[in-house]
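The structure appears right after this line, and notes come after that.
Each chain carries a letter (A, B, C, D and E) given by its place in the written order, and its residues are counted from 1.
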Amino acid sequence: DEQKTNETVDRQDLPALGSEERIALNASAGEISYMTGFYYAASPPDIQAVLADELGYFDELGLEVTIIPGLDAEGMKFLAANQVQLASSGTPSQVIQSVAQGADISGIATFGAVGTSALLVMEDSDIYEPADLRGKTIGYHGALPANLIAMLQHNGMTIDNIKGVSVGYDPTVLSSGKVDALTIYKSNEPYQLEKLGEQVRIIDPGQFGAETSFGVLAVNNEWASQHPTVVEDFLRALLKAHEYAAANAEQAIEVLAKRSDTLYDKEAELNRWQVELALIEQSRSAELGVGWQTREQWEREAQMLLDAKVIARSLESENVMNNAFLEAIYEGSELIWLPDLNAAQ
Amino acid sequence: MKHLSFIEVKEVSKQYRQRDQMTDALINISLSIEKGKFVSLIGPSGCGKSSLLRIIGGLVKQDCGEVNIGGMTPMEAQKRKQYSFVPQSPALFPWRTVLQNMQLPFEVNRKATGDTAKQHELELIELLQSVGLGDFIHAYPRMLSGGMQQRVGIARAFGSGAPILLMDEPFSALDELTREKISYQLLNIWQEHQKTVVFVTHNIREAVLLSDEVVIMSPRPGRIKKTISIDLPRPRTVELEESQQFQQYITEIRAHLRQESRV
Amino acid sequence: MANDEHEARGYQPPKAKLAKRFKRFYVRSSFWPPLAAFLGVFLLWELAVAVFQINPITLPAPSDVLAEWVNSFNFYVKHAWVTFYEAVLGFLLGLGVAFVMGVIMAHSPVLERTLLPIAVLANVTPIMAIAPLFIIWFGFGTLPKVLIAAIITFFPMLINSIMGFRSVDENHYEYLRSLHASKTEIFIKLRLPNSLPYLFSAAKTCVSLSVMGAVVGEWSGSSQGLGNVIMMASNYMQTTRMFAAIFMLAIMGIALTNFIRYVERKVLYWHVSSSSWN
Amino acid sequence: MANDEHEARGYQPPKAKLAKRFKRFYVRSSFWPPLAAFLGVFLLWELAVAVFQINPITLPAPSDVLAEWVNSFNFYVKHAWVTFYEAVLGFLLGLGVAFVMGVIMAHSPVLERTLLPIAVLANVTPIMAIAPLFIIWFGFGTLPKVLIAAIITFFPMLINSIMGFRSVDENHYEYLRSLHASKTEIFIKLRLPNSLPYLFSAAKTCVSLSVMGAVVGEWSGSSQGLGNVIMMASNYMQTTRMFAAIFMLAIMGIALTNFIRYVERKVLYWHVSSSSWN
Amino acid sequence: MKHLSFIEVKEVSKQYRQRDQMTDALINISLSIEKGKFVSLIGPSGCGKSSLLRIIGGLVKQDCGEVNIGGMTPMEAQKRKQYSFVPQSPALFPWRTVLQNMQLPFEVNRKATGDTAKQHELELIELLQSVGLGDFIHAYPRMLSGGMQQRVGIARAFGSGAPILLMDEPFSALDELTREKISYQLLNIWQEHQKTVVFVTHNIREAVLLSDEVVIMSPRPGRIKKTISIDLPRPRTVELEESQQFQQYITEIRAHLRQESRV
């Protein structure tokens, strides 16, 4: 049942960027929906998507985009059902798992080449390395992330050596001693706990042989193959917006906050963005543009999932990722934008 | 030659089985009632009078035997709205006022009769007044005394206009005077509209006064002991009750009942 | 009548004046006891928070919750309105479907045995788990939330209506049969009014279940409604806000429950339960 | 009796043999119609998945779900056992508390007006929202799940028991009063047996609500139980597994519901609803 | 000097108000009943007999006036288990078998009497047999005919042993023979155990046969029209019914009732 539809399109046949035809072609795709990873949280690629919309980049490229607030992994289901055409995925894992379950989707860009998913312990904890986790209680949200399972495995343990327990999003389970360690996002819980005056320490699986990535943009393959320019230009707008978001963090957060009808914690989100931006910058290769993803990145993720028995068979990177769109919008590390149009104005 | 019987009960038996309790209610009952006749069922408590009445009315099915209502099964007779039923308990609907309870027979099966409840309203109110309930037309059943509830049940049957009246101890909760008054009212309605009445009672005097025939049943398991024709002139009057013949009938029926009682 | 009977128990030596006034103003009032209850709960809670020095992230003081609620009143009302709308529509839909199914089941024992297991299946399926599917199937609008609220509402309503349709007085049933009332007529004239006490009993339960359903529905694929507020507040660990939203939901639930009770009193005047207790 | 009445309607021309056999084997059976219903649902679902080519990540085919369930049967049974245990304990606890509160309310109208709003408050509070708090308060053990199941169960039970305690026959009530039966005696001899039909009605609803409560409870603070399996599967996008767990839950819910119905039939032999339908 | 009255009803009035329906049930009723007497209340349907009985039994509170039971309020009398009540509807508990229904008075207020239901079982079964229900000891009320249910209610009151019997049309659903038999049974129990009986009936003959005094009430709003002492020898026998004096009482009471009836 391998019905992958993300074969490379012959890009010579596509109308040129900035041309009337291209705008018309993009517009002919109609309204496209993008689902965020978690409401209007300031994570990539959501912050970029919202800003691209706000800054008018989508309009400029002839894209009619609706941004729908999502809830974690659910975006992949909407994507698979083509209820949305593009969605944010926290880690490559979600895309790989979905593909393993028969979803025809792939990741077309990944912002962070390291993970935000990590383990948090209290500063005075006696846990310093994976081996110290033996027999300890680890709290997780929903399910233990694959990178943590991999970290245990790389250090001669299995999940049976620890006691996993699903907890809510309240990190005080850690500070109150209910769990010895807590799976967290580097950009979120440490900040929350420090704000409460707690001293905490991060145990990063990346430093123990289990590196992951974050901030994936995923597409529905079938739809993408029908609308290659739309996907390409969508990604282009996001990466253009990234420049703004990176340079104007506070303004960017304001924009997100305005989008949110509901509660919004600007400080927490600013922190989230600052931390994740730092991770993006720190992990990015100098020759490649922001959002670049590599085969190795995806293969190591797939291997982790296979080892952790989350997926049943190994998946080739071609089945889960597609760099064609990145290739089309980058010249080296330089984003191809609309120079003539800008000049004309 | 005998008149063709209208209600024909042939060798009917009925047994109730419920949770280990097996009760023979009726054994081999045969009975014919001519059209337009007034027949009373009389017999000791628990002998199966209500059961027989309900079988005639098609409300309970006999175990064996046949019931024929002018060539129809009881179900078909029901369908053609042949019955007005006065149950042993008044069966008034607590969420309906007295008048609304009276209107029930007209609301049901409207298509079959083309009648509407509204049309009959005045008539029904008059009927209620005639049984002494003029002040309680819009009262709910809970606000009525036992006898008043019973009178609503009777008036409801009078009002409904069906040709066969099945009445199960309709006057049991009424005082003598009211009972008498309503008895004569019943006789009037019966004669005027040529109804056939099957009337269950414990009151021998009442049975003789009203009936063409009194069916005496024996104690459980119910069988028919004797059927007595009452050859008294109609219309029956109060004076008639003083007559010797009247008293003779009473004595005869009482004797039969006493004889049957197994004490 | 039951009222008078209650009185009959009152043959007692004359009481102190104070006790009498207490009785008149408190015991008989339908306003003070609930108020006292709420105040009691709030005070206990406030005290507990103060005495045990509970972290506001774990459990905020009710006074803080109230302050937050008052300060952002418009915000909460705006979101409450969304949830209210979904819940009420869902409740009505669930009630309607339960009613129709109950009617069908009342008319055919075979269909009852066929449909009831499906209803049980719908009831025992944890809707929270499949809520996202609803959004996938029915989009991001109001519909999936309404449907979730309806599914949650539906089952208690169905079970109680079946019970109500069934437990009719045999004398009433027999009387209608003697009139050759059709099944439909028996239903309208007897089963339906007879089931009303049961239906209201279920409605009082379901009206808050429907609110819960709407809240669950709002957890994904929506950016408004109190369910969404709760989710966000929980993620930002703004427990005080979360409780303010829950407080708003509680007010909504109490208002809806009281509305049902009001209608019940109007409709069930003829039922024994409507006279005062013992 | 109602049985006989039903028969009475049967005065009909003799029917074709086939129809008769169909009636005997299908219509009167209590086994075939539910089976047909389930098969119908499954077939429709299977067809829908095949025809619309629904992605298994959104909705797996029932055959796949069944295969997964059979293949990992021991796994599902193991987790089902945990959830079952929590649900049943929660149900019993909720029932117990509702009952005690119902009794208290039956004895004092003031306490009724005081406690009912608190019960409504407990009912309208979305437990799913505060379930994570339960971990902080009660730890990771069985207790918080049992409590959540109990809270969900409690309200329908309370409302129905109040209704049942109230709607007693006035003649029965008056008769007991004439014996100077105390409130407790009136309660035990009259209100309690009278409320049983209502209580069973509620129990049928609540038993699956309690399962749902246990599942919600397992979403946080647990490492086993079907709720945990669902959560895990949902996170790993293993929708087929999620549905296998839901399927297991459904079996559990149906078994519990049928158990309640069985007990009901045994206990309520005296109630009109226990004779067959019309 | 007059005997000190045991049951004393002084200027009692009662009005029912329910949903716009305002009914004057009793107006200014005064009545004294001596200890150990058998008093019947007779009057047209809806005149307030049941209401009066319930007021005496402390089941309904009068609007004004006083009721005194041997120096106690009705509530206190209830407390001391002075009453055996036979309601107009039999009030059998559907979830209890006939025998269990009989045992109810002993289960209630066990502390007060020290009696246990088990001790009385044989006695109660005998009582049931004596009213012709020997075959239905373990039947449920739903399986009984109307008259059989009523007999259970009567037997329950007979069995309970309280000194004041309040009976509301207890024989209304019984046939003449059963009625007679149970009447004599009632008289026996009354005499043997020195009970005070307040007995509501529509049957004039029955009232005369059983009572020391017959209280005649006028139609709604209920007032006491006349109290007639029945000076017939005890024990009352069937022969007595044929006596002229007996017939005179009947005629007198009937006359009073007729006179009162507003037709």
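Convention: a contact is a pair of C-beta atoms (placed from the backbone, for glycine too) under 8 Å apart; a residue touches a chain by one contact, two chains touch by 3 or more.
Note that the coordinates shown come from a computational prediction; the quantities given were computed from them, not determined experimentally.
Counting steps between touching chains, the shortest path from chain A to chain D takes 1. Steps from chain A to chain E, minimised over paths through touching chains, total 2. Chains C-D form the pair joined by the most contacting C-beta pairs.
Averaging Cα coordinates per chain places chain C and chain D 17 Å apart. Centroids of chain A and chain C (each the mean of its C-alpha atoms) stand 41 Å apart.
A separation of 48 Å divides the Cα centre of chain D from that of chain E.
With centres taken as mean Cα positions, chain B sits 84 Å from chain A. Shared interface positions of chain B, defined as residues touching 2 or more other chains, are 16, 18-19, 58-59, 89, 140, 142.
Across the assembly, chain C contributes 1, 5, 58, 133, 136, 169-170, 174, 177, 234, 271 as residues in contact with two or more other chains. In chain A, the positions touching at least two other chains are 77, 81, 168-170, 172, 176.
Residues 16, 18-21, 23, 42-46, 50, 88-89, 132, 135-136, 138-140, 142-148, 150-151, 169, 172-179, 181, 202-204, 254, 257-258, 261, 263 of chain B are the ones touching chain E in the complex. Contact residues on chain A toward chain C in their complex (touch as defined above): 38-39, 68-71, 74, 77-78, 81, 83, 168-172, 176, 192, 196, 260-265, 268.
Against chain C, in their complex, chain B makes its touches with residues 54, 57-59, 78-81, 83-85, 87, 89, 91, 93-95, 104-105, 107-109, 112, 140, 142, 160, 166. Interface residues of chain A facing chain D in the complex, by the touch rule stated above, are 73, 76-77, 80-81, 94, 97-98, 100-104, 137, 141-143, 163-170, 172-173, 176, 178, 310. Partner chain D is touched in their complex by these residues of chain C: 1-2, 5, 26-27, 30, 33-34, 36-38, 41, 58-59, 106, 109-110, 112-118, 120-121, 123-130, 133, 136, 155-156, 159-160, 163, 166-170, 173-174, 177, 183, 186, 197-198, 201-202, 204-205, 208, 211-212, 215-216, 227, 230, 234, 242, 246, 249-250, 252-254, 257, 271-273, 276-278.
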